[in-house]
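You will see two complexes here that share chain A, one where it goes with chain B and one where it goes with chain C.
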Partner chain A sequence: MYLQSLDPRVTRLHLPEGDMPPMEAKPALDQFETYEAFHQKKEGAAHTYVGPVHAPNEEVAFLFAKEQYSRRFPCVGLWVVRTAHIQVTPYAGDSENIYDMLRIEAPAEPSAEAVPYEIFHLKKRGKAHTHAGRVLATSYQEALQEARKAFGDKGPIVNVWIVKSKDVLQSAEEDKDMWTTIPEKKYRDAIAYKVMDKITKFKEEQKNNIAP
Partner chain B sequence: MNELAIKDLLYKLADDQLILGHRNSEWTGFGPILEEDIAFSSMAQDKIGHSLAFYTLLHELGEADPDTVAFTRNANRFHNSQLVELPNGEYDFSLIRHFLYDNAEIIRFEMLSASRYEPIAKVATKLKGEVKYHVLHANTWIKNLGSSTEEAILRLQAALNEAMPYALGMFEPSAYEQELISEGVYGGEEAVKAEWLQRITAVLEKTALQLPDLDSITPKVGGRKGTHTEHLQPLLDEMAEVFKIDPTAEW
Partner chain C sequence: MYGGGNVFEATKFDDLQAEDPVKLAEFEARIAGGEKIEPTDWMPELYRKQLIRMIEQHAHSEIIGALPEGTWITRAPGFRRKMAQMAKVQDEVGHAQLLYSAAETLGKSREQMLTDLINGKSKYSNVFNYPAFTWADSNIISWLIDAGAIVNQMANAKGSYGPYARALERICAEEAFHLKYGHDAVVHMATGTPTQRAMIQAALNRWWGPIMTFFGPSDKMSTHTETLMRWKVKMASNDECRQQFLDMYVPKIWELGLTVPDPKLKKNPETGQWEYTEPDWEEFKRVINGDGPCNAERLAVRRTAEERGAWVRRALLNPKAQYVRPLA
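Here is the complex of A and B:
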C-alpha cells in the first residue's frame, strides 16, 4: 500500500507507508557560496543592502535574489556581489566616523591602472549598507582613500564596504519592466489571505450549528 | 474587429497560462531546492494572474465570469496547448517545458503589446515584464545545467526530445489566423514559431544540448480545438475541487 495523504500530490508519489529510511548524511560544506544582494526601491534611490543568497554562480545568485528580495515589494533595480569580493572596514561606534579612525596606507602599486570601485556606507548599526558612490582607484586601499575624500565627511559612518565595479552584477536598465508590472504584490503575503480570520469565522459557525 | 477571432485568441492565451500556472504551483513544497520551490510558486502566481487578466477581457466581451470559466469547463472546452497540461514529471522535464513555453509566451506578449485591439495591448504591456523574468529564469537554468554534469545533460536532452512534439503543438493555427494578422491584432502562429526557434536555438547553442530534428517530428496538435491528453481532466477536477464543494468559498 502507498502512503495516502490529504495532499493528492503526496499520494501520487506512491511513497511506501510507515517510516521512511533515514536520508544519507550530506557531505560537510556542500553548500553553495554566498552572494550579497542590493535593491533599488525607486528611480534615483541608492542601492541598499537587503541580504545574502546561496548560489552556484553570479547569474543564478541574481535569480535567487530577485525572488528572495524583490517578489513582494516595489523595486526597480538589483545588484548582486560575491561575498568574497567585498572588502570590509572595521566597525566604528554609532556616532563615530570610521574614516577618521582608519590609517589608510598609501597605494601599494600606484602605477597600476585605476579601475572603478563601488562604495557602500553603513550609517548606523542595525540599518543597511547603502551605496554612497563610485571612485576610481588602483587598489582597495586607494579606493577607501578616494572614498574618504569624496564622501567621507557626511556624518557618522559606522562601516564601509568596497567592491570592484566589475564584480557587481547589475540589472540592466531595459530590464526594469521585470518589476514595474504590479508594484505591491500583497497576494504573495500569507497575511493578505486572512486565514486566521476565516478559520475563526468557520469555528464560530460550527459552534452555532451545534448549539441546541 | 471579428469578436469570435478575438475570443478565440484570448481563450488560448488564458488557458495556457492557467494550466501551466497550476502545474507550476504543484512544485510548491516539492522543489529540488528551496529557491526553486519559491521561483516556481511565484511564477505560478504570475501566470494565474495573467489568465485572470485575459478571462476578465473575455468577461467584458460577454463570456461568463473568470471563476466560472476557469472552474466549470470540462477538458474538451479548454484551448490550451497539450504541452502545458503534461504532468510535471521530474525537475528536468518541468524546466525544459518552462524554457520551451515561456520563450514562446514572451514573443506573444511582445506582439500583443503592439496589438491594434487596445484592451489586449494594455494587458500585454502591463504584464510583459513578468514573462520576461520567467524567460530569464528558464534560460539561466538551461544554460547552467545544460553545460554542467553528464547526468544533467542527459536528463535535459531526454526531456527536450520528449517535450518537443508538444512544444511544436503550441503553434497550431486557429481558424481566424489570417483575420487576426490582417487586422493587426496578432502576428500569428507562424511568425511566433519562427522567432521562437531563433531564440531557443541561441540558448541551446551555449549548452551541450542538441535541438531535435524538427522535420522528423509530428507536432502534437489539437489542444487549441479541445483535444487533450488524458492528463487535463484530472488536473481540472483537482483545481476545481474547492469551487465545486462551495462556489462561494474565498481563499
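Here is the complex of A and C:
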C-alpha cells in the first residue's frame, strides 16, 4: 500500500507506507559550494553582506541570492562571490582596529600587474560586512596594505574581507527592473492586514446582540 | 517559524575542565561584555555542539513546517490568500536556508544535517507531526504557531553567536507579515458565519495541546543550563517563553469570543503567572520519538524530494568544486 495523506498530491507521490531503510548519507558536495551575497539597499549605498547561498556556479548563485536576499525588501544591486575567493583576516574585538593588530608585510618586488580588489569591513561583531572601497594591488597581501592606507583609520574595524574585483559577479544597471515588482506585492507586508477594524466591528455587534 | 522546545541534554562536554582556562576566560569575558562570537573565534566544545543542535533543529522546523501549510496553497480560498500563503511558505523555506548556513559556520555540513533529518537523528518542532485537517487549521498554524515561534526567535536573536543573530534578524523581519496574515485569517473566520466560527473553534481545540507543548517541558535547572544561559545560547527558559506567549495571545483569542479548551487556564492575579492544565508530556515524548500522526509522512515527503532531485544536483555539480565553509 502507498502512504495515504490528507493532501492528495502527497498520496499521488505513491510513497511506500511503513518504515523505510535509512537513507544513505548524502555525498560531499551534494549541496554544492557556497557563495557569499552582498546587497545594495538603495542607490549610492554601500553593498552590505547578507549571507551565503549554496549553488553549482556563479550564475545560479546569483539567482538563488536574488530569491533569498532580495525577494522581500527594497534592493537595487546584488553581488555574489565564491566563498573560496574571499581572503579573511582574524577577528578583533569591538573596540579594536584589526589593521593595527596585524603585521602586514610589504610584498617584495611586485611581479604581477596591479589589479582591482574589493575591500569589506566589519565594524561590529554580529553586524554585517560592508563594502569599504576598491584598491589596486598585485596580491591579497598588498591589497590589505593598500586598504589600511585608504580606509584603515576609520574607527574600530573588527574584520576585513578581500576579494579580487574580477571574482565578484555584480548585477548590472540594466538588471535593476528585476526588483521593480517588490512594492506591488503588498500582501507580503504586515501593514496590509488591518485586523483592528474587523475586531472592533465584531465587538460592537456582540454588544448589540446581547443588549436587551 | 520555529520549533521551540529545545531539550538541552547534558552531554559528555558538560564539564569544562577539558577546555583551556585562559581561552575560556577570554571567551566568557567577551560575551559578558556584550560582544558577539564569530565563526573563527575560539569557543568551548559545549557551546559549539549546543548551537549546532539548536540552529539545526530550528532549520529543520522551518523546512518541515512548510509542508502542512504548503498543502493549503492550492485550496486557499481566493487568489489573494493563495498568493499570501505561497509567499509565507517561500519565506519559511528561505529561513531554513539561512539557518542551515548559520549552523554550517560551526562545522556541520548541510549534507550531514539533511541526512540526519531524514534518518530521524535530528529533530524538528513536534507540532508539525500533527495534521492540518482544514483551512482553519492552516490559519491557526499561521497565527499561533508562528506567534510562538516569534517569542522564541526574538529571545534567541539577542544570543551571542553572530551568524545566528544575523539570520534571526532577517527572519524576524519577515515573520511580522506571517503573524498579521495569520491573525487576519483567524479574525475573518471568527467574525464570519456560524459555520466559519465553528470551524476555527474546532481547529483551535485540535491545536491547543500541541501549542502548549511548543516551548518544551520545564527546564531542569542544572549547572549545564546555567552555563548555556551565561553564554547566551539559551536566552529564556521554556516556561518563560510559554508564559509570555499566553500573556500576549490568550487575550487576543478571547476577544474573538473563542474559547480555549482548558478549564484551568487563568492568570493568577497575585503571581501574574498563567495557570494551566499540565500538557501531556507523555504524548509529546511519544510523538517526538516518531509515533505521531504525521511523522512518517513528513519525512517521506522530504526524503522523496531529496532523492528525486539528486540526479539534477549531480548533473549540475562542477567536478572542480571544492567545499569551503560559509564565512559568516
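Note that in this section the second predicted complex is superposed on the first by the 152 of 212 C-alpha atoms of A that agree within 3 Å, B and C clash if a C-alpha of one lies under 4 Å from a C-alpha of the other, contacts with A are read in each partner's own complex, and residues count from 1 in each chain.
Methods note: contacts are C-beta pairs under 8 Å (C-beta built on N, C-alpha and C of every residue); 3 or more make two chains touch, one makes a residue touch a chain.
Just so it is clear, the structure is predicted and the values come from calculations on it, not from any experiment.
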**Message:** Quick one: is A:Thr181 in contact with chain B, with chain C, with both, or with neither? Answer first, second, both or neither.
**Reply:** first
**Prompt:** Can A:Leu63 be said to touch chain B (first), chain C (second), both, or neither?
**Reply:** first
**Message:** Once chain A of both complexes is superposed, is A:Val53 in touch with chain B (first), chain C (second), both, or neither?
**Reply:** both
**Asked** Given the touch rule stated above, what does A:Lys198 touch, chain B (first), chain C (second), both, or neither?
**Response** both
**Prompt:** Who wins on chain A residues touched, chain B or chain C?
**Reply:** C
**Request:** State whether A:Arg71 touches chain B only (first), chain C only (second), both chains, or neither.
**Result:** both
**Message:** With the touch criterion stated at the top, can you tell me which chain A residues are shared between the chain B interface and the chain C interface?
**Reply:** 9, 53-54, 56-57, 60, 67-68, 71, 185, 187-188, 193, 198
**Message:** For a test of understanding, state which residues of chain A touch chain C in their complex under the given definition.
**Reply:** 3, 5-7, 9-10, 13, 15-20, 22-23, 25-34, 36, 49-54, 56-57, 60, 67-68, 71-73, 83-84, 86, 88, 90-91, 93-94, 125-129, 158-159, 161, 185, 187-195, 198-199, 201-203, 206
**Request:** Under the touch definition given earlier, write down the residues of chain C that touch chain A in their complex.
**Result:** 30, 33, 35-38, 40-41, 71, 74, 80, 83-84, 87, 90-91, 94, 97-98, 101, 104, 109-112, 114-115, 118-119, 131-133, 162, 165-167, 170, 173-174, 176-177, 179-181, 183-184, 187-188, 190-191, 255-257, 296-297, 300-301, 303-304, 306-307, 310, 313, 316-318, 321-328
**Prompt:** Taking the complex as given, what residues does chain B use to touch chain A?
**Reply:** 26, 30, 35, 38-39, 42, 45, 49, 126-130, 132-133, 136-137, 140-141, 143-144, 238, 250-251
**Contact footprint of chain B on chain A as seen in their complex** = 8-9, 53-57, 59-60, 62-64, 66-68, 71, 175-182, 185, 187-188, 193, 198
